[in-house]
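The following pair of complexes shares a single chain, subunit A, combined with subunit B in the former and subunit C in the latter.
Up next, the complex of A and B:
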């Protein structure tokens, strides 16, 4: 008796396996489509609701962190420096600034680089930043690892760290790591992926390339989108509503009206 | 207008901009088929890993001196290049051609052809075989560079 199956059996097994694969791809494509629609709705509605809440929260006290600008253009300039350079963090702690700034700008560049999956034809400036965007992934990992070491190694920071602080770092590190692994080790079919994403945007469900690393990457991104409106990650919109940052130091010139932020 | 409404407006504008730039139903790029029945590797694997095969082949060839043809870029071009109605080769990195159509779609820069030829080298062979020019195409090229004649004349 030969140790291998007869050609008839082998071909039946082949047909069965390819049918099972087809069913798996179908299920995965629809599952991820449903999750993406859900996550997008949660992200937009959740963050929108938070922003409304923030904008309606009264700021009863005049408490800009001094020295503060004395005019509105001055406040805009200060907010700009805060958002772009993380000025106050730079003044308070150089290491945290280095890791935090590297991470955030890596994240920004990586996000912008991913616009190529959602636009057709790809905008010229998105095409232009593609090569720089690869290094953004490294900057993210560098920053996140640095921030996590800080959280574990600095006594006072470890003491005030909640599980969610670690979870956020793990989640985003997982996204950056799986992205880099796809770029350099386990590639996926980016053309099929883009077709799937453009399909989602026009409410058509195409086939998602079912590569494990891609599925991990996308699942983590979906988690991030869902968790964003109920997490510390809200510091992104929240920064603009901080009374200590968005107020001008002009209480004698103009009476403070504490009804709104 | 409060800052909150301003941000909401911004989010709406970005969303509108992105959706306005998305075609109703974008399909994967269409490109001409290669000559043979089957590529040197299964199609699904080529779609993901063709760049790895090419870089690996380059390392084998340049560093180890192992010169095989299975994953050679020259063979990719030979099989996938197209001719226009006049029977001339179309560069494989031209819009809509085999390499460029997907690279354009996915916005991945094609840097192979900054050095490598984008079509089979019949043109160069002709260039070298002009009667009375025994040395090589290089001499012809040099002569033409000095004569300031259009380059294409040499091949005819």
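Up next, the complex of A and C:
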């Protein structure tokens, strides 16, 4: 027996391996497609049902935390300051505010940056923010690490943390980290990825570049989408329904008689 | 002052203690007996199937209050509220951190009402509703004064007071009510006021006050009761009728009305502004208590309703009356309905109807304690924040020396006196003393730096609470005074208007 396979055997092995690889890519592409469809459905239906629940539950009494705006435009302004600047958190704790704000706006920018995988041609403003979007990843990691350190180091925050609170940070940090690693260390074929994503949107399953880092990144994103409607991530829709923030302070001027109460 | 517990040492504000697990686990108020529970529509004692009943009640409340439903879901455990509660700052018990207090209910909510908690309880910190949990609810939902300070600082506006109220309502509905609050509500139903002061005694007391003022000032200031056709129905906390320093506030209101030439009356049917239905989270009882006031106003045919110095009563009046006992279309539309006594006096000052001799108060350097319910759950005047401006304007109109306490401890950041929300009872003295610590720190600062001699307030509970706890901190119990005492003392009676 020779120490190495004969050319015939070698080519057979080669064919076999590439077939297997082809099958693997095929399976992974379909698996991820299925998971993406599932996760999207869970996210939309889950959050949609929650929003419906919140909007249907009556707010029988006036409970804005005062001083509160006395008119609807004032309430809109208050909500805007809460959503965009985290006004209450700023009053409360500057470190948590800094980390929280850096994380959330990093996340927003990163999400918008990812629109380039879903639009063809890429919208011009999405193209415009691409370079700034890179820093978004760093901002996210900075914010998440800061929040996690607080969670571990401050006795009061440690006391109120459940395992899920740590896992949530790990999950999002994993998403941000794997994204950054792909950007700088283990690149992936972004053109193929975009083809795959655009394919998903038109219900066609194209080939997913089966790089491990990309698969990890996408798997974590899918997890996050599925967890969203059953976790504390509901703070996002919840904020808009918080009666202490979204009610106008006008109980004497207008009799508060909610029809669904 | 002697006590069976360690009185906190006043250091400089702010002081955030390290957590001490179970530091206040021994603190709980007396449980209501059946004869107190039943008139309010609650079972007399812990019902047999309390577990299922409690969970059902929780489900009912989740469907009834958007606040509760959203607050259960939205908390991210960011910790921003953890150092905002005076009971945490004063006791270091971690369950007195607002989020931890909420979690007592949230962990049960998750177990019974969420997917994650049903299937992965350990992961999300969900637990079954056991007797121990119910016990913790009773203890720690009675270590919250429903002051809403936490809600100011929460990024989602989560108001622990709403959760405390829901907790107390669930507890009462399975038969575990709080004696102090429920007994008082019963007295209002039976007699008309918290103190159980019947009409003849009330009339007597007021006649006594007329004589007292006559002796002091030589002016016939009247304290009318049940006077049909008066312009104003004054509804005030019954403590104003004889507790110190409350009564001096009542004298102040009467002097202002007298001097402004306004006809007013009290009502024996509704001789109470306080509404403890708020504290126990029972909208039904709150409405029933408040309804007496509408009835009295209609019966007496008044044109306006004015509410005396009382924090939570003003919250109920300002925020809820219109919904619960309105509309007030039978009142004079030129005045807000209801109106706060401070608003009414302030307007009179603006109109030049009152003259003051500020020197009368020159023996005092005054600071002002913003009451939580006025500050964070209501308003005065027509602009947001009027509730801070107007009482201070009254003080400044009647005193030469006024200073504010540190900014983070006043206005929307004000600290509860430590006795609000149905906790003003002797079975909770330790909690009350410790909960007063942040306010005492801020007060101490202005005593040292500005030689403050008096702290004025516009809340009957604050006044009683401070009278009780100031001595524990080696301060005089008579430091606390009514805003309308200052007003009344400086008001020039009988002079040309």
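Throughout what follows, the second predicted complex is superposed on the first by the 255 of 261 C-alpha atoms of A that agree within 3 Å, B and C clash if a C-alpha of one lies under 4 Å from a C-alpha of the other, contacts with A are read in each partner's own complex, and residues count from 1 in each chain.
Here is the rule we go by: a contact is a pair of C-beta atoms (placed from the backbone, for glycine too) under 8 Å apart; a residue touches a chain by one contact, two chains touch by 3 or more.
Because the structure is predicted, anything quoted here is derived from the model rather than measured.
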Please tell me, clash or fit, for subunit B and subunit C sharing subunit A in the overlay.
fit
Quick one: classify A:44 as touching subunit B (first), subunit C (second), both or neither.
first
For A:164, decide between first (touching subunit B), second (touching subunit C), both and neither.
second
Output check: A:8 vs subunit B and subunit C. Expected answer is one of first, second, both, neither. What do you get?
neither
Identify the partner contact of A:192: answer first if only subunit B is touched, second if only subunit C is, both if each is, neither if none is.
first
Can A:100 be said to touch subunit B (first), subunit C (second), both, or neither?
second
The chain contacting more residues of subunit A, comparing subunit B with subunit C, is C
For A:123, is the partner it touches subunit B (first), subunit C (second), both, or none of the two (neither)?
first
Superposition-derived angle with apex at the Cα centre of subunit A and sides reaching subunit B and subunit C, degrees in steps of 10:
140
After the superposition on A, what does A:131 contact: first (subunit B), second (subunit C), both or neither?
first
So in the superposed three-chain picture, is A:201 touching just subunit B, just subunit C, both, or none of them (first/second/both/neither)?
first
Minimum C-alpha spacing, chains overlaid - subunit B and subunit C, in Å
13
Touching both subunit C and subunit B, counted on subunit A across the two superposed complexes
54, 241
Subunit B partner, complex, touching residues on subunit A are 44, 47-48, 51-52, 54-56, 116, 118-123, 126-127, 130-131, 187-192, 194-195, 198-199, 201-202, 204, 211, 237, 240-241, 246, 260-261
Residue positions on subunit B within touch of subunit A in the complex are 2-5, 7-8, 11, 15, 18-19, 21-29, 44, 47-49, 51-52, 102, 104-109
Along subunit C, where are the residues that touch subunit A in the complex?
16, 18-19, 62-67, 69-71, 73-84, 94, 97, 99-100, 103, 114-116, 122-125, 148, 151-159, 162, 283, 318-320, 322-323, 326-327, 336-338, 375-379, 382-385, 387-388, 412
Contacting residues of subunit A [partner subunit C, same complex]
50, 53-54, 57-63, 65-70, 82, 86, 88-89, 91-93, 96, 100, 147, 150-151, 154-157, 159-165, 167, 230-232, 234-235, 238-239, 241-245, 249, 251-252, 255-257
